[in-house]
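Shared chain: chain A. Partners: chain B in the first complex, chain C in the second.
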Partner chain A sequence: MADDRRSRVGLAAALSLPATAAISLGFLLPVLWLARMSFNPVDSSGALGQGWTAHQYVELATGPFYAELTLASLKMAVSATFFALLVGYPIALFLHRLESRWKTVLVLLAICPLLVSGVVRAYGWIVILGDAGWINSMLRGIGLIDRPVRLVNNHVGVTIGLTESLLPYMTLSLLAGLGRLDRGLEEAARTLGASPLRTFLRVTLPLSLPAVVLGSTLCLMLAISAFVTPRLLGGGRVFLLATEIYEQALVTLNWPLAAALAVAMLALFSLVLVISGRLQRRVAE
Partner chain B sequence: MLVRTAVVIAALALSTSVAQAQPSGEITVMAYAGIFQDKYTEAVIKPFMQKFPQVKVNYFTAGNSAQMLGTLRTQRSSPQVDVAILDVSVSNVGNKEGVFSRLDPARVPSLRELHPMAIVPDGFGPAVTFDHWVLVYDAEKVKPAPTGLADLWDPRFKGQIGLSAMPNIQGIAATVLASKIAGEDHKTSIDGAMKRLKDLSPSIQTFDPQPDGYTLILGNTLTVASGWNARAQLYHDESKQRLGVVFPKEGSVFQINTINLVAGIKNPEAATAFIEYALGREAQKRFTEAMFYAPTNAKADISAAAMNRTAAAPENMAKMIPLDWGWVTTIRDSWNNRWRREVIAGR
Partner chain C sequence: MTSEGGYLALAALSKDYGVGEPAVDRLDLAIDRGEFVALLGPSGCGKTTTLRMIAGLVEPTGGRILLGGEELTAKPVHRRNIGMVFQSYALFPHMSVADNVAFGLEMRGIASADIRGRVAEALALVRLSGFEARRPKQLSGGQQQRVALARALVIRPDLLLLDEPLSNLDAKLREEMRGEIREIQRRLGITTVFVTHDQTEALALADRVAVMEKGRLAQLGTPEEVYERPATPFVARFVGRINSLAAAAGSDGRLHIGGRPISVGETRPVGARVTVMVRPQHIALGGGGLSGRVTGLTYVGDIVQIAVAGEGFTVIAERGTADPSWRGLVPGQDVGVGWPASAARVFAESDDGR
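Now for the complex of A and B:
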């Protein structure tokens, strides 16, 4: 019996070996390399040295700018996730309830923005939201404004762009989670005299909470690490962890600081995952 | 016997000098992509290969200067690139890290003909192109044309300005010019520059024009932006003069590309021959006339028409503000933070 179990464990280990090797080579090694890079020294001329120093982490912990960056990244990620949830929830609920042969087509439509590159979509938003874009032209046309409102090249533009880029992920996660929502429970609530709003608040919403937590976690992670949208729509006014990593790595060439920021971001991800895991368990109970 | 030995030595010496004069093999030159690649290939690389038929030159691109140095850093043990053309602020870092080697002045005689500002300390790769900070504007919409950075405070430009901020090196040039407007020496203080740029901040549409200021002006998003002369001149021609280019009345700052010999390469002879060719009068003339980078070889005989569109025109040269890019690296972080806090966030 024990022998049997041992051989099964051995077989499992042997079977998982290729995957373990692939993950180690493709993911763990680069992350370890990154962690090692974050301890390299950089001299005042910007030259990368050899050796060990914790200078970058001291800089991160003591420089007020990095605390602001982290907070700004979190704020941006939370607001974009919130708006994506606000827009994505009704879409997912509608698609979930739809009983039509067009359902598959509509689901595909909801996620088709993923087929277009993020860069192209960001340029699309620049055209729509710009001073001469159609939103400003429309507002001017109906006489609401006489000077263009700045909707891009600032935080507003980045929030709009990020929300749109998160929407397909949010809709898909919600749709997957809503699968366990039993239509019969809603009908029972209505039969027992609950108003549609009450049914939604007391039955539909609580039952869909696990899906909400799942979708929000995924979107938060994507939003914190989003780089293209803030870079293209931020107009140099939006400073986030991801854009800072880019600048340190590819403009000012401070690889150790970029690596330390990346490690800090990884820590932030872990924190989000832990919190989301707890929430997930609580809403499931 | 003695005569025979002397003949053998002479023959050997001759053969080595012939070998030196006739480099061969394959080398890879790394420089910018896009229009730079097209023009540089036509103006310098092809003529070099015609002159030295035994050398094949490959052109390799890896993004901006910092990305190029990043590529070289990862290839330290076996370099795949022999010659790199990149921004001086980045090549300085490469020189300190030992990514590049010093040039042998005996094999690069053109070094003696270079402009004094083109020389990099300690014998490392010198400047191969000079570019300078300019204002570009929509010549159809903006009348009269702006004359310098100081004009941007004019309310007629409100909301239509693209000014590349730091850490982009255009932001460094803008700081130096704003300091000059404020009547201060940027080496001792940029307080006046920061205050003035902060006042300008609400008028600025973007501090990071994407993909660049020239395109945004021609696409009707901006009417005025900061830029670099060489590309601005090309867009000026391409847009049939719609994109106007202004050498600022305050003066300007050089952007310098250096040409560098990568350390530890297999074929330094051919690579050095290429560097010598690129710095020579002939290549400098052709590339300036093709792309309006000012020549770094002071003896290059540039046509007057091309010369007047570069910083090398005497009236422009007199207005250039000297800027030590090696020194800039040491203050870049503090200037960058001040831009973010004082200019962009307006605190």
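Now for the complex of A and C:
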């Protein structure tokens, strides 16, 4: 009996070996290597030196620029996640309740933006939001404005683009998390005298909170690490952690600083995860 | 308020989902105040749809619903003051037992001090005092059922609706809860509509049974009426077991099976073809006008079923196993078959939609 169990555990370990190896090689090692590099010194010519230094971290901790950057990243991620939630929640609720045979088609439709590269979608947004884009042409056409409204190359454009790119993830996570929400519960609330609004506030919303936390966590992390959308729709005028890492790694070629920034971002992720774990436990009660 | 229309009146109530036959088809039903009515019928006959229309969860495509003389049809669900117990119980998983029961009172803006008293009272009624702080998932099926009942009753509804409330419980618990529901209903005197596909449950519980067939009312009557004087062959077959025998009227108008006259209390025009229906416990073996042969005995504990076949008929007779008269019977034995004329129901063959 005990032998049997031991051999089964052994088998499970053996079977998970390839995955363990792949994760170690493809994820853990690079991260460790990144962490190591963040402590490498950089000499005056900008070349990578040997040995250990905390210089990069001192710079991150003391330079007000990086604190602002982190704050800007967080703000951007939070607002894009918030808007994605605002748009995605009704969509997910609608899809969850749908009993028609079109449900699968509509769910696929909701996530099909994932099939198109983020670069293409960002350029799509420039076509729509640019100074000569659809929205500005339309507003000018009906005489509402005479100078274009700035919708790209700033925070507005990045927020719009990020929201759109998060939407499929948000909708999908909400949909996955809405399982506990049974139509019968809302009907029961209604027969007990709750108006549609109170039914939503007292039954639908509380029961969907775990889904909201799940979706928001995923989207926050995706938004913090997003770099294509801020870069293309920010037009070089929106500074965030992710764009700064790109800048340091590929333009300035200060790899240790880029590595330190990446480690800082990982720390931010851990923070989001811890908070989300706490929230998840609270709302799942 | 026991006017002719009844306390709860359904008038030509219909629901057509737009796929196939209408789920409920011009249903007329009048229920008196304080009455316990069982809506009985096979799965898919429109019981749930009827109940949900009364509650306001399904919009009728025709007809009217009146409660206490007041038109309900256009009233939104949350203004109807109707308590409903769902088949799945539909307890709020994120609330304690007490909060579940308090929900309807809160929605009515009742002061929290009063709420506490009434919740305690309702939980005492269903024998769940002390379970206030539990979550629904920490309760057994029977206990969840009781919470659902308490939650529906605490709002002092004008009408209580129960949709197959016992179908998720095991047999023993089902019988226990059945008694409990009836007892509480009597004590509160609350008008109740109880949906079930289980004829035993319907007969045991209800003051009157409404048998539904394909969205229509087949018969409304006391348990004795629907069992002993079924209005249609469908009701006869659905409520309890019954034998069907094809018979024809001879030249004297008397009914015959296989050329031999049978005992029924009526005559028919010459040549008329009819279905004669007799409950198994009324089949007499030994004397009688027909002769047959025992083809098998099935012993099922409290009763024994004796199958008999003869010329142009097969019947099943039932005897209580305490009754010694069946003991001598063996398959292959010839027996006379008969029944008291009062026990036979005769339907025109055209009424028998089988």
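The rule is simple: the second predicted complex is superposed on the first by the 273 of 285 C-alpha atoms of A that agree within 3 Å, B and C clash if a C-alpha of one lies under 4 Å from a C-alpha of the other, contacts with A are read in each partner's own complex, and residues count from 1 in each chain.
Following the convention adopted for this analysis, contacts are C-beta pairs under 8 Å (C-beta built on N, C-alpha and C of every residue); 3 or more make two chains touch, one makes a residue touch a chain.
Since we're looking at a predicted model, the values are computed, not measured.
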A:Ala188 touches, of chain B and chain C: first, second, both or neither? second
Chain B versus chain C as contact partner of A:Asp131, first or second or both or neither: first
Which superposed partner A:Ala13 touches (first chain B, second chain C, both, neither): neither
Touching partner for A:Cys112 - first (chain B), second (chain C), both, neither: neither
Which superposed partner A:Ala267 touches (first chain B, second chain C, both, neither): neither
Winner by number of chain A residues touched, once chain B and chain C are compared: B
Chain B versus chain C as contact partner of A:Gly46, first or second or both or neither: first
Touched partner set for A:Pro206, first chain B, second chain C, both or neither: second
First, second, both or neither for A:Leu25, with chain B first and chain C second: neither
Contacts on chain A seen with chain B and repeated with chain C across the two complexes: none
Of all residues in chain A, those that touch chain B in their complex: 43-48, 65, 126, 130-132, 147-148, 150, 153, 231-232, 234-237, 239, 247, 249-253, 255
Residues on chain B engaged by chain A in the complex (per definition of touch): 63-64, 66-67, 69-70, 73, 90, 92-93, 96-97, 159-160, 164-165, 167-168, 205-208, 210, 220-221, 326, 329-330, 332-333, 336-337, 340, 344
Residue numbers on chain A that touch chain C, as the complex places them: 180, 182, 184-185, 187-196, 198, 202-203, 206-207, 285
Chain A-facing residues of chain C, complex: 55-57, 77-84, 86, 88, 90-94, 103-104, 107-108, 151-152, 155
